[in-house]
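Below, subunit A partners subunit B and then partners subunit C, in two separate complexes.
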Partner chain A sequence: MIPTLQPASASMRRTLPGGTPMRMVLGLLLVGWILLPLVPVLLWSVAGSWFAPAVLPSSYSLQGFSALATADAARAAASSLCLGAGVAVTATPLGYLGAIAARELPALPGRVVELVLLAPLAIPPFALVMGVNVALLRLSTPPFAGVVLVLAVTALPYTAFMFRSALATYDHRFEEVARSLGATTSQTARHVRLPLLAGATARAFFLAFLVGWGDYITTLLIGGGQLLTLPMLLGSAASATGNEQLTAALSLAIIVPPLVLLAALTLPASRNRRK
Partner chain B sequence: MSSRLEFRGLSRAFGQAEVLHEVSLTVEPSRCVALLGASGSGKSTLLRIAAGLDDPSSGQVLVDGSDLDGVPSEERGLALVFQKPLLFPHLNVVDNVAFSARMTGQSRKAARRHAMAYLELVHLSDLARRSAGCLSGGQEQRVALARALARNPRILLLDEPFSSLDSRLRDDMYSLVEDIRAELAPTIVLVTHDRREASILADSIAVLDEGRILQHGPVAQLHYQPATLAVNRILGGLNALSGRVTGGIHQSVFGRVPVQPGMVDGPAFLVMRQEAIRIVVTGEGTAVGSVTGLKSLGAHTLVRTEVTGDHGPSGTLTIDVAGEPDVTMGQVVGLKPVNDSGWAVTR
Partner chain C sequence: MSRGPGSPATTGRSVLFALPAVLPVLAVLGVSLTAAVLQSLGLMPFIGPPDLSFEAWTGNTGELFRATGLSLYIAATATVFSVCIGFLIAAYVLAMPRMGRIVAALSAATIPIPHVIGAGAIGLLLSDSGFLERLLGMPDAFPVLVGGPWWIAAITEYAWKESAFVALVVLGSIARSVGELCDAAATLGATATQRILRVVLPLAMPSLAVSAVIVFVYTLGSYEAVWLLGPTSPEPLPVRAVRLFGSVDLAARPQAMATALVSVAVGAAAILAGILVLRRVRGFR
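Our next item is the complex of A and B:
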């Protein structure tokens, strides 16, 4: 006997109860959960004085930001930028190659490659750094290069994951069409594969950049104090008392640039989707 | 632009599974051959081998007599159109069509000028600046066709390019292919599982089944003179009556029907297409049958009859009648070959 379709019971429903209003409330809660921790940082960055138990600062000032306008801060920002870019430039192609290997190799070797790519996620950064710093010192590796190398390993799982996801939906027949239209292997890579993977490349680059831009522990231990970055300045400011305004301003200096970069990467994509 | 394509003893195996077995086929310049077969029959593999996207286990692909072994895909001068249009999403319509010209080193301006001529050929020059993602299915496939033609290929390979389109769009595409053939006269190899499409577009049909070419010949020949029962089935023939050939006459429940010359005496199947049988008044035909089914195909109706006779066990014959037939279920009718002759096969 062919069964007839019964209406789904409440327990069978997969959508959230409450419809659109509930989805909006949950969405706002999620946004609040992400943004609320930033509110005290924002307030401290413009606070002149703020004493407990006052909910808001009693006076406002830009002294935190003006304290940032120093040669050290500029050097730290430049170092952070170079470190983020260095890690991204190293980890992005490596992640691509890793993802390609994991996809193209037979099942077992492919899994082994995946395991190797994801392994840095399972290793606490501190343990990884402590094992590597002695070896880098013995090899007389310059601090910047050492930090970039170690952070590239940390960033590799993210970049590989980005490319793995992109390659899972990538249709290789685009390349076959290109070849049949007269494109050589290198032309196909340049004019078809690269543009089609541009989104994934940008996302992978961004994540790897973040690893370098925001790192503290690796920079401290491998850099041996010779590499001054924004997180190093922040750590130094946060460890002292009475520096709350500068600490908050430094925090924002670390938070805002990646957010701007993220917006630059995601907003055009969402506009294209709407089109 | 057009060249002669020849597959010579081509085989392809994936592990233990042999997808193509000793396939030999010749496509003359400016002709259109349809490779007709079910899914998994090996027809797309044959096309991929021709395009240089896959290598044969043995055998040769020759274009104008030259062996293409070792020639990379981009140097073969063959263009391939897939079932999915696969327009490059990062390029607009004109730049998709201009792709091959750009790859040869032409300037963007010259490549676009070249592409516009092909967009006009497929009646889409108005959409040249549109994003590739903003086209309908039919428009996408037209652009894909224009892009392939803009390469000026020696041979055009079409891998079920219209199977995802609705029937009206498909008919439009058939007209377009006719226009293209009239204008450019390319050699075309069309892979399809649709016998109607093969019959409309191709000059000849090669029937592929389990990696072997069962028969290659003109469209009408395959329909009315199939080499085997399998070809008859794949071409949509519904009737095959067992019987015996004696002195050029096939005897079965359908009566005594003259068959093709050269048919040796012995057991054989009479293959009569449903369109080649007429319903007549009882007594005027070679056999009588009782109507057991009526199936409307819109403008046509399939009349299914159970035929009994003196020359063998009962059998089923289906007749394609234009319009609505003047018969009822259970009615006894006379049946007669349209040309008073039939076609016999032994297997």
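Our next item is the complex of A and C:
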């Protein structure tokens, strides 16, 4: 997710116009722009009472988080987890197959496969869901399966792109060497291809998981209120007034697990690179 | 190794590989668009016999046009801000070694945040007597940002989330090449401003253009922020479509489908325009 950057060269350091103070101000403005929306979320999540015009809460409590300790919230968290996992487990292997096919097919059909895999990006998710909903109802698809199907299609462009860029720099000679040393096809796949593509697989899985974990509109329209996920709880809390603590606590409950997962995925990789 | 790319055996296997990925996409997209067109024309009613009617398309064109115009305004404004701020973040990250790394990490960390959370957060920040108004000491002249006439809170949410995306795309595409070119420009006497405008910006142009198209199409079809942070009326395309779709009045279904199809068409037109502009500007393929 985070691109590897080369350290700025001596003259690049002077690329920004203005002196040191201006660069400091710009840096602070950018950090402020990125972090400011998250400050009220953090404060509200631990606020007891916080009335205007106070800049900080007048008392602190964990009532927002304790409101999360209900059976409904636990069920919503489990649904979100299943949805994220379901989308990731579906879209990651399909993205891999699509990327392999786009690479190995002759130019024109390969291009067509690529375009088809990118096409879901062009359709607004709500429009995609509205049209397909009738068919899902007529086939009496369970809501969960319907949501996973539509979201897996939405996530395919991301997973396919991840594998596509990994395969672009993939060196097939490793596999050839393994084969000439007597490895079987499955041994080559397990001991050569799998480790080499592990990073891309993790990134693709993560992105697809996020599509399911954070989805609101597809769950709302296909689930029709039956499928309760964390974003659904958040949507109803945020659209009513006076639910600031719950909104903030739910936001953190949705943001933090993927960030922990991202850190777990990227930190070992960057440590390996440094070795 | 006899199985080079393009040999019949490889092609056959590749087609087999492509099918599980391509078929679900074609099925969902095909069924969705076909069903939307049929429903908008009354040919696929929820109950009762099909009855061809253009009512959904011609009945309330004024409202449909207004929703389209509003959606175009929101998407265009959000795209302009996302691209400008995203470029600023990228330029800063490239120029400042230590602080830049912090900004890059923070910016990338906001990307996994879902838009519905972003909308909730911007709501807490910008609403009436929200965090920003409190920080500024509750001035009397604080404008109505959430639910106000200019959709500022919704546009801010998109700009906040999507500027991080633009920065990521730009950094990913120019980080390798920009250093040496800036060094060369500096050796030839280019000032800092000239290096930004004549070296970094042109280099970033293709990735800025591509990400602008993606941001535009995404914000055009995004529901959460405009629903949570906008006024109840007038409605942009996604809000109108979802309201009509959920209406107890089944006659509203065709109108919901027409609204959804209009947003698909506008998005497709934006993508085509983007491709044409990119081709003309840089011989981009």
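Structural remarks
In this text, the second predicted complex is superposed on the first by the 241 of 275 C-alpha atoms of A that agree within 3 Å, B and C clash if a C-alpha of one lies under 4 Å from a C-alpha of the other, contacts with A are read in each partner's own complex, and residues count from 1 in each chain.
Following the convention adopted for this analysis, a residue touches a chain if its C-beta (ideal position, glycine included) is under 8 Å from a C-beta of that chain, and two chains touch if they have at least 3 such contacts.
These figures come from a predicted structure and were not determined experimentally.
Contact with neither subunit B nor subunit C is seen for A:R111 once the two complexes are overlaid on the shared chain. When both complexes are overlaid on chain A, the residue A:R75 reaches neither subunit B nor subunit C.
In the superposition on chain A, contact of A:H191 is made with subunit B only, not with subunit C. After overlaying the two complexes on the shared chain, residue contacts for A:E176 are found with subunit B and with subunit C alike. In the superposition on chain A, contact of A:P120 is made with subunit C only, not with subunit B. Put simply, more of the residues of subunit A are touched by C, taking subunit B and subunit C as the two choices.
In the superposed pair of complexes, A:A160 makes contact with subunit C only, with no contact to subunit B.
By the touch criterion defined above, A:A102 lies against subunit C but remains apart from subunit B after alignment on the C-alpha atoms of chain A. Annotation: subunit A residues 176, 179 touch subunit B in one complex and subunit C in the other. The residues of subunit A lying in touch with subunit B in their complex are 171, 173-174, 176-184, 187, 191-192, 195-196, 198, 275.
Put simply, subunit C touches subunit A in their complex at residues 1, 5-6, 10-11, 13-15, 17-18, 20-22, 24-26, 28-29, 31-36, 39, 44, 46, 85, 88-89, 91-97, 99-125, 129-135, 137-138, 160, 163-164, 168, 171-172, 175-176, 178-180, 182-183, 186-187, 191-193, 195-196, 200, 214, 217, 220-224, 227-228, 238, 241-242, 245, 256-257, 260-261, 263-264, 267-268, 271.
Residues 51-53, 72-74, 76, 78-80, 82, 84, 86, 88-90, 99-100, 102-104, 131, 134, 147-148, 151, 157 of subunit B are the ones that touch subunit A when the two sit in their complex.
Those residues of subunit A that touch subunit C in the shared complex are 1-18, 23, 26-27, 30-31, 33-41, 43-44, 52-55, 94-95, 97-98, 100-106, 109, 113, 116-117, 119-132, 134-135, 149-150, 152-153, 156, 160, 176, 179, 210, 213-217, 220-221, 231, 234-235, 237-239, 244, 247-248, 250-251, 254-255, 258-259, 262.
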